[in-house]
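After the structure tokens below, expect a handful of questions from me.
Each chain gets a letter, A, B, C and D, in the order it is written, and its residues are counted from 1.
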């Protein structure tokens, strides 16, 4: 059993991480750090956990844990690591966006690896010590495009429309997460300039160095709590069979990414660590659909997947989750 | 055209009032007072009104308006009237709870009449100048019980379970109106001690002076935005036909209250000023269902109904609303 | 008061039409034809109408009505008109898709005019006798594109993503309108081949005869009941101010279409006959958002608007609707 | 690994059972019987299971399995067992209501035990071969009342109001599970005569033989898919502390039933096998809230719990589920 520490324990991603780690056979939660909730039981905040754990929040940090998860608001991971030191053996998985881009990969002699397991066909993640866990939209979109990039097939603009659940906006109360507003509503935000575009472009360029077409990404707010449904299309000369073969070949060893022959609906993946992908050909366009749970494959589930790889556990340990489906 | 002023213009009830009054043929909105939004267009806050009105919020009050609607938080109507004076002819309709109870009916020489039109079979409201508009739960529950009280038939405990939409909690952001919490959720609050019990008991006692059984009222939070569904049962000796006749007789002149022979569902009344009532007999219990839109018959619609009565307009002027239904 | 007949009275669009016409000051509903419900009260099917009308369904047709609304499934209007004759003065408004395309405009000596009022700047509709009422997606999308087409500004592919409520699928029970499936779900359907593309292309070509770029339209199923939210983008050289001026000029006399300076959310239009449009410029792309209620501006509301024009009533008679908003 | 067979594999409870058993370390699914889907992959029906299993439906039954789950419509378990025979060692868990009542416990020499583990403080279930798995409402309500009955404290009428999700109505399409009807709606059904009252009364009488007060149970349809929220109150002389002690003592060894000191909301239990209970005292009334997931603790989760007990597995094997919570 390795010892795990969680920083920023009151947010959504920390809550999901705790839900996952409580049932993970190889880890023990050593501490859950939350200055605002120190002294309280965890189930007072993550209220579904009543009966599942008597763990409490603490404001004390154990710098000797085997792995540390940073579940802080974007920009706060750097601040935290500037103020706290950890054992040289401690591995760190940051769920924020502080270290995802090449230009920010190195911080205080720590070299962060971008933690999208499906991006690599080698042991890059297994050998890393510091992981920058990808963003939720970034995960759904990259998984939809990596097989094309890998085969130099991204030759034209990519048009992306995607809708996310309200958990994507975090725990803070806001007008667009107020129930009377969000219920039965729909809207877009940050048209074409979402902050995840950087990491998406970075990964595509790794696989297809001369990729330089536009990525036109319109994110939307859906009236549900969990999940990302992304539809993407781009120019594609090949047949639908060639497309499917390309994707199935790329993901042949992926435990969580599956190509579906039938069109997708979001609830197929909710409360799982899966990414489902569907392909459809129309004239010279390839339409790719990609669905994930934004808090799992899009955040805490992927963080656990990365931890499993870092420590040589089975990749799906603790991630064989029962879908909600309804 | 009479001149209307609205105080507290940014809240839900003021928004509904504006929506109603813009299409009311006998009134003109003279001003909409909101200190926090003064200078802004009304449609910047009530955003569905874009294209419907160029009215703005103001921090100036016209004390000569024919009627003034107070759409303030509970307790704030008194404060407001302490600080502002109005013409002796100005009628006032308070949507808060400050003046609903007998002990609070008189304030600064103003005598407030409890504004539930279906409570009276005379011209009490027509002759009033100051109206204390009933609460939302209070309206749904009283309309379910008045015919029994009128006929001295409330002889035992009344058991009430009722569920309300999130607009009932007002515009303030809160943990129980956060989308990720409220969506697909259900919970109760204020068990047996809801603040509307006072006005309910007061009205029942007017009609049935010796009523002294318990009213056991459990309010619930539903995962929808609009509407109140109340189910009530109490001991009843008569037949279902007698019950129906009693109710139909009581409401024979009521424009907005209808007895349905088939069981109800909430969306029959959403976005209307209706109250629907259904009766069911089981053994010696009479089960009464009552549905209203909490913001209309439960607030702003009833306020307009009261205004219509105060000024001798047709009682349903401006209230012939298209139901949303879906 | 003109006499109105409704054919196919049990469906969603007929229900909405009845809701509207009951409060329309210039018309009287003469009959509501539904073979399956003949003899029943209308409020037994459209259950919100209890207390609003005692009208019943009939299987008898009055061929002398001033206007007839056909609310039949697609393909059934032709069949109906083959079997029934009407007075030479009877005007007909078909809510189906049977007569929308140029090639189907003429049927049994009846010449149908495409009933999108905002398409014309003359009296085409006013002078018509037979109206083919536009489709819901078709309305939202055309209103988003007409100003560009009018000014020859559609010079490149148009990318459209749109989400519709479950009422768009009609009253028939189906797996994708089953609550346990639809609630909190999202999915697309008919990718790039939706049946409304024909009427969209037809109208664009009327205004911009040489338009021949692709329209790439991906419709989605949202987990709400009412409304269409459409986002469209295309190449646009001008500035955002030029775009806004173009749209405001085009819609300067439109009663129901308004350009919003702030981004839209769907509930601004639900339960109204409005179309709201927002414009955003990103690099050389113009992003246009268009929102309507699919059952009103997208169906029955527009049908009433057309009727008002046919008979010289005020265009918004019976259409000054209170938005639900919550 | 024991071999498991599932009969009626296409319904909701079978789907949940498959989701659970795929991750259960002690069992192997031997066959999933569905005549209508024979030959299809399971993930074609339970579509979240794509990538999780390549199992298919079959119309062949292996009569030697160690345990058989009957997931048939009510009344169909008897018919099925009349037509099929199984090995003498095969244990059977029926999720329908055919064998729950004392008068139906024995069928073809099989003696069914009512499978509510929390009802017994002995090895009744462990020693059984045939289990009649309780109903969903019945589970939520019994768990709320058993501690009182055990202590002879049910001395007066019990008033129960409960709301259930749409999965409670099964997979069949129906007007009250049509999305446009159910979304944002609320209604009751079967007032005071729900079919689960029999098993509730049977269990209470086991623990408190002279119990003869009324149980007034009003079930409601909520606009969510999963979960039951039940609120119950009855006369109670003791203090709230005495009540809590009574409940905590009764459930001290229960793995899935927990007493919460804070009021409950439904989503605390969704997608778990938990039952949460909260107690509140008002005057001489004890208000008990009970929440379960109707498909898990109310059906398939409890069936697995029973199987675990039958076979001596750890009681929570395969049931340490991650809550959805959002």
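Quick note on the criterion: contacts are C-beta pairs under 8 Å (C-beta built on N, C-alpha and C of every residue); 3 or more make two chains touch, one makes a residue touch a chain.
These numbers come from a predicted model, not from an experiment.
Colleague: Of the pairs A-B, B-C or B-D, which has an interface that repeats that of A-C (more than half of the contact pairs shared)?
Modeller: Equivalent contacts to A-C are found in B-D.
Colleague: Would you identify the chain whose Cα-based centre sits farthest away from the centre of chain A?
Modeller: B
Colleague: What whole-Å value do you get for the distance between chain C and chain D if each is reduced to the mean of its CA atoms?
Modeller: It comes to 47 Å between the two C-alpha centres.
Colleague: Indicate the whole-number Å distance between the mean C-alpha point of chain A and the mean C-alpha point of chain D.
Modeller: 34
Colleague: Between chain B and chain D, what is the separation of their C-alpha centroids in Å?
Modeller: Each chain reduced to its C-alpha mean, chain B and chain D end up 40 Å apart.
Colleague: Residues touching two or more other chains, restricted to chain B: which are they?
Modeller: Touching at least two other chains: 12, 165-167, 180-181, 183-184, 223-226, 265, 267, 270, 326.
Colleague: Which residues of chain A touch chain C in the complex?
Modeller: Touching chain C: residues 159, 161, 163, 180-181, 183-189, 191-193, 216, 218, 220, 222-227, 229, 231, 233, 263-267, 270, 280, 282-283, 285, 287, 289, 326 of chain A.
Colleague: Which residues, counting only chain A, touch chain D once they are in their complex?
Modeller: By the definition above, chain A touches chain D via 12, 15, 19-20, 22-23, 44, 46-51, 165-167, 183-184, 225-226, 256, 258, 260, 262, 265, 267-272, 274, 276, 295, 320-326.
Colleague: Applying the document's contact rule, which stretches of chain D touch chain C when the two form their complex?
Modeller: 12, 165-167, 171, 173-175, 177-184, 223-225
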